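Have a look at the structure below, then the notes.
Chain lettering (A, B and C) follows the sequence in which the chains are written, and residue indices restart at 1 in each chain.
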Amino acid sequence: MQPLANVTPFKPGSRAGAIQISNVGQVFKTATQDVVALSDVSLDIKPGRFVVLVGPSGCGKSTLLMMLAGLRQQTSGTILINEAPIPQPDPNRVGVIFQEPSLFPWLTAEENVEFPLALRRIPRSDRRAKAVDALKLVGLEGFGKRHPHELSGGMKQRVSIARGLVQDPPVLLMDEPFAALDEQTRMTMGDELLRIWAATGKTVVFVTHSLTEAVYLADEVVVMSARPGRIVDHLTISLPRPRTYEMLGGETFGTLRDRIWRHIRKSA
Amino acid sequence: MSAATLRRLIVVSLVVLWELLPRLGVIPELFLPSLSSTIAAGWNDAGEYGHALAVTLYEVGVSMLFACGGGILAGAIVGSLPRPRVLIMPMVSSLYAVPLVILYPVFTVWLGIGSESKIAFAAIYGFLPTMLSTAAGIQTIDPQLLLAARSMGATLSQRLTRVIIPAAIPTVLSGLRVGGALVIVGVVVSEMLISSAGIGYLISRYRTILDSPHVFAGVLLVLAMAIAFNAAIKWIERKASIWQTGTREGQRAADEIQAGTIQPATA
Amino acid sequence: MAGLGMKAARVAVVVALFAIWEILSRTGIVDPRLLPSASDTLLTLVELLQRAGIRNDLAVTASEVMVAFILAVPCGALIGFAIAENRYFAEVAKPLLFFAFSIPKSIFLPMFILVFGVGFSQKVGFGFFSTIFIVIMSTTTAVESVKVEHLTVARSYGATRLQTAFRVYLPSMLPVLLEALRISMIFNLTGVILAEMYASREGIGHQIATWGENFQMKQLLAGVVMVAVIAMTFNELIRSVETRCSHWRT
């Protein structure tokens, strides 16, 4: 694991993706009633930005991410990722990391990372090389031969991130990826993620319930309201990068966090 | 003393008691002939026992093919389709209450007293638990794994071969363990009831002429078969179970099957 | 839980199976001598139930089952407790029990005949033998299902041994114990019927075996239906008690 210190802020590059969400709505038809999960959501995300979604539980954050991943189709509106709609999962454009690491327990860490490549029949030697690189990037060099049950929670989530990165997609979606981790691991994982982000230049959409985490990580924080989910605030976090632990106690940090908290309390 | 040592000691002393008690006349040789005379009886008629073993093994093998193949297939179908599952599972577990052995006379009428009736009976005997545990195994697959595979662009058939089947393996294996054990039971029981060949047949025939050593030589052979089967399954499980610790659900299903909560009566 | 529609669908499946049976036999697709029609079988069943001999057979089987059960459950439960209460015993005994559980018990039938002769005590003995292992194993599971936290709480409030037994152990174990009773009964019934089929002069298992040997298909199928219905009814009965007693389990 490299320390965070000498990380330079990232300059948008070719492997960053642009996301355009226009007037998107999602209605779930259940046996008893229609649930409007999202209504009229519009959001523009520039390539290479780190965007954090926050909002009360059940406001549709996961639903929005599922639609960005092509795992679910919106009932209205359009979603464009690098100028094209996403009617089905496309791992070349979007990598997804879930709250649970969702590693296949019968595969080693390396094989788990290779999994998306194996699905595309990429030759074994190429995929091994890519997996090794990805694992190195997340700081798991030398752990490739282990099975998931031989890894700690934080390490598992690193493998999951490596799996999301292995095809070098321009967009990375993360749904509460660190929620299941203890606070210390969570802090280190946040720093690690920033390092990886800075090194690769992806566009990241990150969902969390932790306001501290949101402000600490983000370029922009998008605040959503309770059902039906709408965007109620969109702030730019102007704190300089690299972010440091000392900033957490600073005045700017507090003000930003308060502002988000007030929105969430009002709508929940 | 460690538990394993004591356990070995118990097994060894049981074997020794089997030899000593009849020899010392504590137990009449008619009820329990000593181990040495049992082995001698089996050795002297090794040809007969060998032939019987071949017949029994053949029946066990074919039944296992039907019971386990059919059970895994049916279980996979029932387990992955929610509606048939809700419809069928309670009926199947209700069927468990029926002493299936009463079906054997029906099979002898239909198929005669040769191998066919034994195979039919044993296959049905082993089918249900294999099917139930496979269905349980498919159900306990973490839906999050399927979602993750889908997010990586896995097609339907890739999800089946690369996620569903490997994830179901531990539960299917414990189904095989129970199903296979029941197939052995089914074959031996049916041979003992009405038949003209096999180890069960030898046990029954020597019983009617009160030749205890020969009866127990058969019993010993069946015990050896059960031990061999258990060892084989353990070996397969070890080979396939590097990751078993990873799925609590699958482990619990396996435990339940082992504890007999979803297992029909063995006779 | 299953809705009304599901229940109706299940009834429909059973009715359909009987209908197929009836049609196969009536149309002669299957030789009616090998498969008498469902209606004939049910009529035979009614007729059988009116025979004093058959009712006597049922009574014999029932009494064998009851005696074996009454003997096996306390014995098995006692051994099960002893094993579960002591970690060391449990570790020693469990693999042995699993093995005993997995071998075909039927191979010991000749031994029971040699020792007890053919008769009541031999059936009870074999029924006992087929049941006791599952009772031991389920009791162990039941004891292990008692949560350590609950015991600690009880102790911290100063519960006596007796109070702990009645207020923590019993209610925690009740659902598992009922389940154990149900499964033990299945094993017990199987053991007794097998013993009757193997060598006997009376009992319903003996009748079924005899009908089979004499190719009396109508009686044979009627007997199979009879035993199956009795077993399933009994099973569902215990299961309904079970659901009532375990309402607090989630």
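By definition in this document, a contact is a pair of C-beta atoms (placed from the backbone, for glycine too) under 8 Å apart; a residue touches a chain by one contact, two chains touch by 3 or more.
The structure presented is a predicted model; accordingly, all values stated were derived computationally and were not measured.
In this assembly, the chain whose C-alpha centre lies farthest from chain C is A. Measuring from the average of all protein CA coordinates, the nearest chain centre is that of B.
For the pair chain B and chain C, the distance between mean C-alpha positions equals 19 Å. One simple way to say how far apart two chains are is to compare their mean CA positions; for chain A and chain B this gives 49 Å. Chain A and chain C, compared by their mean Cα positions, are separated by 55 Å. For chain C in complex with chain B, the residues that touch the partner chain are 2, 6, 9-10, 13-14, 34, 88, 91-92, 95-96, 98-99, 101-111, 113-115, 130, 134, 137-138, 141, 179, 183, 186-187, 189-191, 193-194, 197-198, 205, 208-209, 211-213, 215, 217, 220-221, 223-224, 227-228, 231-232, 234-236. Contact residues of chain A toward chain B in the complex are 69, 71, 88-91, 94, 96, 98, 100, 102, 104-107, 115-116, 118-120, 147-149, 163. Interface residues of chain B, counted against chain A in their complex, comprise 142, 144-145, 147-155, 158, 162-163, 166-167, 169, 242-243, 245-247.
Residue ranges of chain B in contact with chain C, taken from their complex: 3, 6-7, 10-11, 30-32, 86-87, 90-91, 94-106, 108-110, 181, 184-185, 188-189, 192-194, 200, 203-204, 207, 210, 212, 215, 218-219, 222-223, 226-227, 230, 258-261, 264-267.
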